[in-house]
Every structure is written in C-alpha cells, then in structure tokens.
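Please find the structures below.
Presented sequentially are two complexes of chain A, the first with chain B as partner and the second with chain C.
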Partner chain A sequence: MSVAIDPATVSAVTPERARRQKDPKESYRPNWTTTILLILASLTVLIPLYFAIAMSLKTAAEAASGTGLSWPWPMQFGNFAEAWTLTDFPRAFIISLLISVVSVAGAIVLSSLASYAIARNWDHRGFRYSYFYLLAAMFIPFPVIALPQIKLTAAVNLDNPLGVALLHIMFQLSFSVLLYSAFLRSIPHELEESARIDGATTWQVFWKLIFPLLAPMNATVGIFAFLASWNDFMMPSLITADSRLQTLPVVQNIFQQQFNTEYNVAFASYLMAMAPTILVYIFAQRWVLSGVTRGAIK
Partner chain B sequence: MTATASRGTQRRAPSADTPARAGRTGKPRVEPIFYAFLFPAIALFSLAITLPALIGMFYSVTDYVGFGEYDFIGFGNYAALFTDPRILSSYGFTMGFSLVTVIAVNAIALALAIGLNSKIKFKTALRGIFFIPMVISGIVIAYVFNYLFSNTLPTLTGTGSILVDPNLAWLSIVIVTAWQSIPSAIIIYLAGLLAIPEEVYEAGSLDGATGWRQFTSITLPLVAGYVVINTVLGFKGFLNAYEIIIGLTNGGPGTATFSVAMTIFTGFTSGDYAYQMANAVIFFIVTVVVSILQLQLIRRRGVSL
Partner chain C sequence: MPEVPLITVPGSRPFSRRVLLTGLGLGAAGMTLGLTGCAPQGSSRTAIRFVQNKREVIGYFSDLVDRFNESQSEILVRHDDSPVSLVAQMVRGSYPDVACYNYNLEASTFLGRGMLSDLSDLPEAATVQASVQDLVTQYAQYKDQTNVLPFSITAAGVVYNRDLFDQNNVEVPTTWSEFTAACGVFRDAGIIPIYGTFRDMWTVSQGHFDYAAGGLLDVADFYDRLRDEGPSVGPNSETSFQKDFAKVAERMSELFDFSQENALTRAYPDGNAAFANGEAAMYLQGPWAIGEVNVINEDVNVGTFPLPMTEDPEQTRARVNLDLAVWIPNGVAHRDQSVTFLQYLMSPEVLNTYNQENLAYSTLENAPPVTDPRIQGLQEAYTEGRFYQGAGTYLPNTIPLQNYLQEFVIDREAQPFLAKLDTDWARLSQRTDL
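The block that comes next holds the complex of A and B.
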C-alpha cells in the first residue's frame, strides 16, 4: 500500500534529488576558495566544542588558569565520574528523556489526529476556525502566559515533569498542525475512498492508512518536538517545583552556585549534557537533516 | 444544487488553502468521530494556553500580588508600565538585541548557505558541522561561552571581560544567540537556494551576471521570501531571550542585559504579579505588531528588489 503513495512523498524532495543526480554529470571542479572559507568558519563551531572537551579533562588547577585552550596531559577522566554523581546524571537524564518522549508522542498523536479532522472537514466552519485557533498560538510565547501557567500547573498538581511535557506539546501544537495540514493536502482522496469501500471505519482509515503515510511528517514533527523539549531550560526550571525532578539542562546550574571553582568538573558535566543529542545527530545526520529540511520547505 | 455549490465556492475562495474538497461535496454532515479526533487537541490547548492567557489578562487590571485578595484598578498597571525605567530599559535592550541578532543571523546564514550550496569539497562534513549548534541546549552552550568570554578572551587579548562591561555585555548575548540560531536559518536558506532552477543562473551568466552581481540580481531576489521567514521566526524567538542571558550575564552588569522575559518572571517573586501580567499583555501585543510590521515591510521591499 505504501508503495502506491510514493509519488506524493517523493515529489516533496524532487528538486533536491534532481540536483544531486545532476552533479556527477557536470565537470565537478570544487571551489577551493569557498571550501577554505567554510572550513575557517566551521572553527567557530568546533573551537567551543574542543574547548569544552579540553576543559573537562583537566585538573582543577589547570582549568582555573590560562586560556583553557591547551590540551591537558595526563587526561583526568575522573572528572566525569565526579560530575556524574554531583548532578545525579542518571536521574536527570531519565527525567529529560521521559519529558522528551511524552512530548514527541503527544505532539505527533494529538496534532496528526486534529490535522486530519480539520483537513477532511475544511468545509465546516467549526473545523476551519479550529485550525486558525490552534495556529494563533504561534504568536503566544511562553513568557506571556508563564505566570498564570505556573499557578495553574501547581493548582492541579502538574508542577512536575508531566506538566512540563504537556506544556511542551501545547507549545509545539501550532507548528505541528501547520506541517501536518500542508502534508495532508497532498494525499489523494481516492486512497481513502477505496479503503472505505473495503469497509474500513474512519478510525481504521486513519491508523492503518493515513498515519503510515504521514511518516515523513511524523519524523519532522518528532525531531522538532524532541529538540525543543530536550534542550528546554525555561519551562522545566519555572514549572517543576521539586528540584530533584529537574531535567539535564536545568541541573547544570549547580555549577553556577556552589562549585564555581571546579571548572573541570563543570565542563565534564556540560559535555555529558550535550553529548546525547550530538551523538544521536552524528549517527542520524542524514535522517535528521532531511527531517528538518522538510519542515523548512513547508 | 448548482446555486449551493457556487455559493460554497465563493465562501471558500478567500482562503487559499482548501484541502480535501473533492468527493466531499455530496456529504455535508460531519462524521462524529472527527469531533473526537479534534477534541483532545482543542480541549488541552484551551486549558493550557487560552485559559492562562485569559486569567493573565484578568489579573492585569487588578492589584493582585500573587496571593490573597485583590481589587480592580483599571488600567493603572498599564499606565505605570510606560513610565517605569526598569520596564522601558528591558524593552530597549530586548528590541535592540533582537534587531542586531536577526541581521547578523540572516547575513551570516545566507552567506554560509550559499557557500554550502556551491561546489565545495567535504560538503557533507561541513554541513554536518555547521548544524551541530542546533542540537545543543542554549543554557549549556551559554555556560561554555561564559568561560570563553570571562577567562579565555581576556587572557588572550589582555583586555577585561565583556560580560562585566555594561556597554559590551549585550554583544556576548548576540554572539551566543546567533551561534545557536544560525543552523536553522541556514536550513531555510538552503531550501530556498535549492528551489532556484540552475537555468536561471545559466541565463544570468550568459548576460554576464557572475559573482556579486549574480548574488544581488538573481539569488537575493529569489530568496527574498525566505529572508522574510527567517526574519519573522528569528525576531519572534529572540524577543523571548532568556536562557542564554541567564547563562552569560544573568541580566547584568546591573540591569544592562535584563530582557523582557526575565522581567516578567520577576513578577513571581517580587510581589508585582498583576503589574508583570500587564507587562506580559503589552509584550504579546508588541510581538504580534512586530511580526505583522515585518511581514508587510519586507513583502513590499521584496517586490521591488
């Protein structure tokens, strides 16, 4: 079944593909000036990362003196163990992961269902207005409604990671609905009609036919939801009342308070906080980039 | 039947996007299950976003301090906002910072996108590197840059740290915010550049358009729409600057880098809850107005480019 749909999916990436296929045919003379300029520019990304790695392997004395750019020898891997226990890394990591997973799942399920209902009932005023209602939130940033939200979440016992995940889903909803609605328009109606003739209910049509077809958009929505949720500092730090339930980015602030001379341990901790997404990104680079590019084109 | 159909078409005509019309016209009734599909999103959204927004607007016309009783004071909070130097300076800083950052991000991202889109060596690796900042948490990278600005740079250059210089501290926030925001802007520009057909450049080069001329006469006009997207999205995000400031200067030195978002959050601890809610309402209006202004100004310019 999914093979039949491929044209719709492929059409979204055609320009890219066409270009890529064209390249080998042309005489490929690399532009070395541009290449060298870009390599130099890439140092602005690489040097801070190198610096973080170098710092995390120093002794406290080495880290407190000099520019911090020299490579330490011998390397102090013990810093990571110390940072691990200081921040209670496994707990913060699991809480971050839980929030992110719930956010991703929630954003995908809630907005794909809503978008499908809206797209198939566009002729009805209620659904059309719902679309604009959900989209209007793009102009409501978190700080605008933060104060009442903090009070409300506390009042209904959601001043915890679950509440944070719920808010992450809500702030992701506008963008996700926008992406899904654009994509749903490209899915031909005949497919659904034929499934209905075979006796499928709307519920089955959605989960067995539409949802699998939405796979590329699910990936895009999921990547955006994950990055926004995993890296967020503002909402968990303001919503979660219990400091033992804080996420990985938030727990890094302990180094701003009591341990501010131990830069080496702090940087070991920063590195561990950055590592998960960087590693996933490096291994899934092609997939992640095609996902976010799809978001950009829509 | 014909009359109904044509009226329906007319009614729908203004909205450009009319998905899923074919095959549906003969079926005016909505299948109940679609309400069930839509309901969870609308209900949760109303509770989590709309309700707090309404509560906030309500408190903004009271003298509520966050607990206890309160009275209605009309627009007193709003009037006070416009003469409060702390509020005005936070808006001044936030707008200025956002403006500089959005220009820097767009200029650098467009340059990098053009570079990454040209015939270069190590294309995949370079793209991979430039997108790394996108996956890193803002607060963590701000902590890393904090040390670079306060220790490494002063040691290398023999000058003081820009983080404690009231005139330069904002620059550190621009740098780190740009560092983190450039990748997503590059992605949007790459999408725009890929949409320009090769033939346009070939035709242009026959007429002698190369290098800078090619950029101003072909590339720039054709990615103008993407400049709009990046400007609106970027500016909207930068107005909410929070965690990078927390990680770098924490609003200091003094209140030199205190953003609007940070000021609003003080409403929770400083007892002026209602006052900061009025600030939040103004901030929302500013966000919307700025976005609309940008869309219109840049659209108009985009045509004549």
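The block that comes next holds the complex of A and C.
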C-alpha cells in the first residue's frame, strides 16, 4: 500500500503536517476482509477468556451442570477467596516470581556472555565446538534426565527454588545462545574496534557497547525465559523438596484430579495466576510482539 | 554443565542493571533460606511429616492431625497436602515419615522394592480383615513382610436412581438376565438405561472392563496365572486375554449397547450432570461420582448395587480399590513417633469414623456396617468377601489399555483388542518383572 506523494508538496509542508494530511485518506479505506478475519481471530482468545471469567464466578453446581456460555448470577467472588487460601496464593506467587526473575536475569546475562565469546572467537575450534555443545542441549528434554537431576540437586542442597531457577537458566541456555550469536554477527566489528582505540577493555566493550546493542535480543530472550519459567510445572514439582516452596502451577495441580471437578475454584485460581502475565503483556505488548517474531525468523 | 557460581553477576564496575540483578539473586537466595527456616523449632516436640493429598478429604485429615497434636505433647505432626510426586521424594531420599496414600500398582512398586518398613509386629496389623490385606499383596509382596496397612476401601458398582427404579417398577437386579431385562424396561420407557461417558476412557476401564472381568472371573487368580505364563502369553498359551477375556469382551459390548447414542462424545462431568438430572437410570461409577452428582442435585435419590454378571446371585461381586493405605518408609528419622501416629490413624474410632463419613468401607475386622444409604447396597458383597480389584488396575501404564479400549468401543472387534493386550504383556514380561 504505497501512496505516491509529490516531493514538491512534501517539501512545502512540515513533516507533521504531511502525516496529518495523509491519515484521513487511509482511514477512509478500511480493509473489511482483514478486519473480519482479525475479529474472528481475536475471538479465539476472547471466547476462552470469557469462559474462564464466567466459570470463575459460578457456584459448584452451576459449574458442573450449565453450559459454558451462561453468565453466572449472582456472581461468586468467594471462589477467588477459596482459591487464594487453598493454594496459599501469596507465598506460591512470590516463589514463582523469584524463580522467574532469577532465571530471566541469569538467562540474559549468561547466554549473552557466552554468545559474545563464541561469536567473536568463531575461528577457534574450542569456541566453535562449545557452541555445538550448548546447542546439543536442545535435544535433551527434561523428563529424560529428571531422576538424575533430582538426586543431583538433593546432593548439593539445591532441591529448592534456587536450584529450579538454576536449572531453568541451563535449559534456556542453548536456545538463547542460538538467538544471541545470530544477532551478534550482524553487529559490525568496526564499532568494537573504535571502542578499543579509545582504550576500552574487553569487559568494557561488552557492557558498554555490545550489551546495550543487544537490547532487542535481550527482550526476546527475556520473554521466552520468563514464559518457560513461569509456566513450568514439571521441574519445580520434582526438584523442590519442601512442599511449602512450590510454585503456582504446582500448587494449582490440586484442582485437577480425576474424580472431582472444581472448575469454578480452579478457574478463579488460574485467572489470578494469569493476571501478572496479562498485565505485563498489556504494558509491553509492543516489545513482546517484535521480540516474538524476531525469534521466529532466526 | 557450567558451575553454579556463574549466576552471580561478575565485575566490579558500577552498572545499575547489574546491581539490580545481583540484588534480586541474593534476595531469592535469602528468601529461600528464610522460608526453609520456618520449620517448627524451639519446642521439645518431635516433628514428623505426614503426606496425605487426596483432595476431597484434606480438610478432614487436617482436623484429625490437629486433634492428634492437641492430644499429646511429644509429637508434632505436619500435614503435607501438596500434590507433589511421591516418586521424586523417594528418589531424593526425603521420605515422608507417615503416608496415607492411594495404594495402586504404582505405589506398590515402593513396597515391591523393599522401600517400606515392616509393620507386621504392630497389633494394628492384626486388626485388618485378612481378605482386605490380601488386596495389598495382589500387586506386590516384599519377603513375608506387611508393609502397608489398608485404611479405606472404596467399593464401586452400579449407581442407580431409586426414584426411576420405583416409577418403572424395576427391582434391583441380582442376575445378568434380570439386569438386561431392567435395561430393556428403561429403554422402552425412553430413559437411558446406563449413561455412557466414553470420552473419558478411564470410565470405561473402571466401569465396563473391570466390572465385566470381575463379575465373570477371579481377577487376582487370572493375573497370577498370567505372570506365570510370562513371555509365552499368546493365542496358544494356557492363560491369555484372548482365552479368558473372550466372554468379558462380549459382555462389555452388550453393556455399551445400553448407553445413549452420543456416549462417545460425553465426558465424566457430562455424565454426572445427566445422571443428577434424572436422564439415566444407571451409571457405572463408584462413590466418588455420587459426591459429584449430589453437588449438582442434592435431592436425587441414589443407591448402589454390585453388577451381576452371572445367573447366580452368590457370584455377584463388587469392585474395590484401596483408596487409602498407611505406610512408613524404611530409614525415617523418627520411627517410633511415626508409628505412634500411624497407630492413632489405625485406631477403630478414627478409621471407622473416617470411612462412615466419606462414603467408604472400613478395612477392620468387626467394623460396623455402613450407614449411608447411597452405598449400603454393596455391604453384603463386601462383608462376604465377594470383591476384587479392577482388572485394568493390574496393567502398568506401559500397556495403553485405555487407548485399546477406545478402539474397542468404536469398532467392537474383540479379537484384535485382546490380542494386543496379550502381545503387550508378553513383550513387557520379557524385559521386566510384572
């Protein structure tokens, strides 16, 4: 969709005025096919969200018998209170948050350092091989090594949230290194050379120059690391020994049993667990979207 | 794998983000330590950890634990109700001091490998009904020890709507022909005879498959013979699914026909809702479903009877499972205290009261009969020892019974269904002790 603009008119008005004049012209031509497709697409998110909210406000009887579409009346806000106490929400939430923060920070720092070393020393066989070594970890899913990991973490007193965070960092490492090293190759060497001429050490080059330039990739890696860590069920449930230090997804498992279906309380709890992710997304959706697509192309 | 200290952010130059990250990291570590330090301390009482996480009765057990803690000043029991895998705890070596847990094939591997301590010296071991204690050994046995004491039995049969039975003048059937006749009456009256929830295959496994097998043959004996047969199980072996279960599959198919047309697309919660609203006369479920049905409709008049599979009422059996059983692992730090708490749990007042109040059967000798009319119908079979553990529960998860059942529900081809179970059994027993 390109609008031909006479260079002469553009030069006659200020850039702002030109944009303002262009805007109405575009809004007169809404693309109805795309709009309808997008509305339909948005329903795939909104309808399940509606189900979740409606379900969280129902009584147990309504949840078990009615259709998902009916709106509950009167609304049962007590479900949230029940879920709050059943899961000991504040504690589980703080543990979840700490694990996520540590693993996001760790994944960003550790993988960017590793990728920088690898990308700038690609001629050395050792660095090249260590790159392949790190990538090879992508082929090892956690369940395969779960039991040895349980024994190992217990032996070194890491059978706690800190150990979970460390493992999250390790499991995030290979994918993050892949993203970073691809991106690092696009940063010109000349920038670094000029910093060197000004007397910067390798350390300074990295923190003052490279790391800030990696910002978009940091966002991408951070988002992936956060989602993987926040949503993880299996690792914390197996690694953490003290049941009072479990994360949200694990404590919420209490609602999912074969014989009883407490959907109303379960959904109230799920909504509370989703809330921070949704809030962050609303404020950061610009970076999230650009970050996610950037990851998809590489 | 890189060394642990890598997580701390290196470098000494001022860099705000780094300071922030370090702070967060230290905060996380501190938080962990702080919370771990919350364990009971300062008092002279010995703390033990009691694992029990059956969702429906967590509150009940919390009260029980509180009462025990108040009744004496030596032991402090901490009730751990988190839904966390026992396997991980066992691997890690952080054993629970006492567990009150569902006893199934999976839990029996702890017993079979000698991880649980011997309780046969306790006087409580002698108070358990012998036929109930046999249920434990049907899955696994370690030397001649008694490692697990049954705490609660759930008995399952046909859950039925008493009002619909009365309105259509149907008596509770005691033989297979009476049962099919009853189904016919309901069908003619436009009532679904048996509500089918075939989308949740576990309902077919615990219902149709287990009931038909348990009603027609001695399940424990069948699996004993099958284990002896081992890798040679096949179309020509003495014992095989193809031979012994041919009639079972036939009966299952007949049972399927008594369900509604859309049974394939209905799940367990749909079934509860439909049964609660009086759409169906019968439901092949255990007491766990009764609780759910009553949540939806308190007034539905429910009873239970064991599904007859033969023409002899004396052969009618109920399906049971060891819903809860107590055990103490080997090598716990405070064995004496753990035993004291276990004895408290196994005392007739505690055990019988729990079972009366939770739609379950007591495991003790001379226990009072159940009083709840919703499950009373199974009392006779239970007292007379006519019960079995479901045939499906003997199969390890490595044999995907439910997937095979799904295929069978749809195509009704008994021969390939049973042949697959035979091949799987033979192959599995070649490399492991089943």
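Operating definition for what follows: the second predicted complex is superposed on the first by the 243 of 298 C-alpha atoms of A that agree within 3 Å, B and C clash if a C-alpha of one lies under 4 Å from a C-alpha of the other, contacts with A are read in each partner's own complex, and residues count from 1 in each chain.
Note that in this section a residue touches a chain if its C-beta (ideal position, glycine included) is under 8 Å from a C-beta of that chain, and two chains touch if they have at least 3 such contacts.
Remember, it's a predicted structure, so these values are computed and weren't measured experimentally.
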**OP:** Answer with clash or fit: chain B and chain C placed together on chain A by superposition.
**Re:** clash
Original post:
So, does A:M55 touch the first partner chain B, the second partner chain C, both, or neither?
Top reply: first
Original post:
So, does A:Q246 touch the first partner chain B, the second partner chain C, both, or neither?
Top reply: second
Original post:
Looking at the overlay, what does A:Q257 touch: chain B (first), chain C (second), both, or neither?
Top reply: second
**OP:** Examine A:L227 and indicate which partner it touches, taking first as chain B and second as chain C; both and neither are also allowed.
**Re:** first
**OP:** Between chain B and chain C, pick out the one touching the greater number of residues of chain A.
**Re:** B
**OP:** Identify the partner contact of A:T277: answer first if only chain B is touched, second if only chain C is, both if each is, neither if none is.
**Re:** first
Subject >> Partner chain in contact with A:S111 - chain B first, chain C second, else both or neither >> reply: first
**OP:** Look at A:I150 in the shared chain and tell me whether it touches chain B only, chain C only, both, or neither; answer first, second, both or neither.
**Re:** both
**OP:** Applying the touch criterion given at the start, work out whether A:W73 contacts chain B, chain C, both or neither, answering first, second, both or neither.
**Re:** neither
Original post:
After superposition on chain A, which segment of chain B among 5-13, 23-31 or 77-85 overlaps with chain C?
Top reply: 77-85
**OP:** Could you give the residue numbers on chain A that contact chain B in one complex and chain C in the other?
**Re:** 110, 147, 150-151, 166, 169-170, 203, 238, 250, 253, 255
Original post:
What residues on chain A touch chain C, complex-wise?
Top reply: 60-61, 64-65, 91, 94-95, 98-99, 101-102, 105-106, 109-110, 147, 150-151, 154, 156, 158-162, 165-166, 169-170, 203-204, 207, 237-246, 250-251, 253-255, 257-261
**OP:** Would you tell me which residues of chain B are touching chain A in their complex?
**Re:** 8, 12, 15, 17-25, 28, 30-31, 33-35, 37-38, 40-42, 44-45, 48-49, 51-53, 55-56, 59, 112, 115-116, 118-122, 124, 126-141, 143-145, 147-148, 151-152, 155-156, 179, 184, 187-188, 190-191, 194-195, 198, 236, 239-240, 242-243, 246, 260-261, 264-265, 267-268, 273, 276-277, 280-281, 283-284, 287-288, 291
Original post:
Within the complex, which stretch of chain C touches chain A?
Top reply: 1-2, 4, 6-7, 9, 11, 13, 15, 18, 21, 24-25, 27-29, 31-32, 35-36, 38, 53, 55-56, 80-85, 88-89, 91-94, 202, 268-269, 272-273, 276-277, 288-289, 291-292, 295-297
**OP:** Write out the stretch or stretches of chain A touching chain B in their complex.
**Re:** 15-16, 19, 22, 28-32, 34-35, 37-39, 41-42, 44-46, 48-49, 51-52, 55, 66-69, 110-111, 113-114, 116-124, 127-128, 130, 133-134, 137, 139-152, 166-167, 169-171, 173, 177, 181, 184-185, 189-190, 193, 201-203, 206, 227, 230-234, 238, 248-250, 252-253, 255-256, 263, 266-267, 270, 273-274, 277-278, 280-282, 285, 288-289, 292-293, 296-297
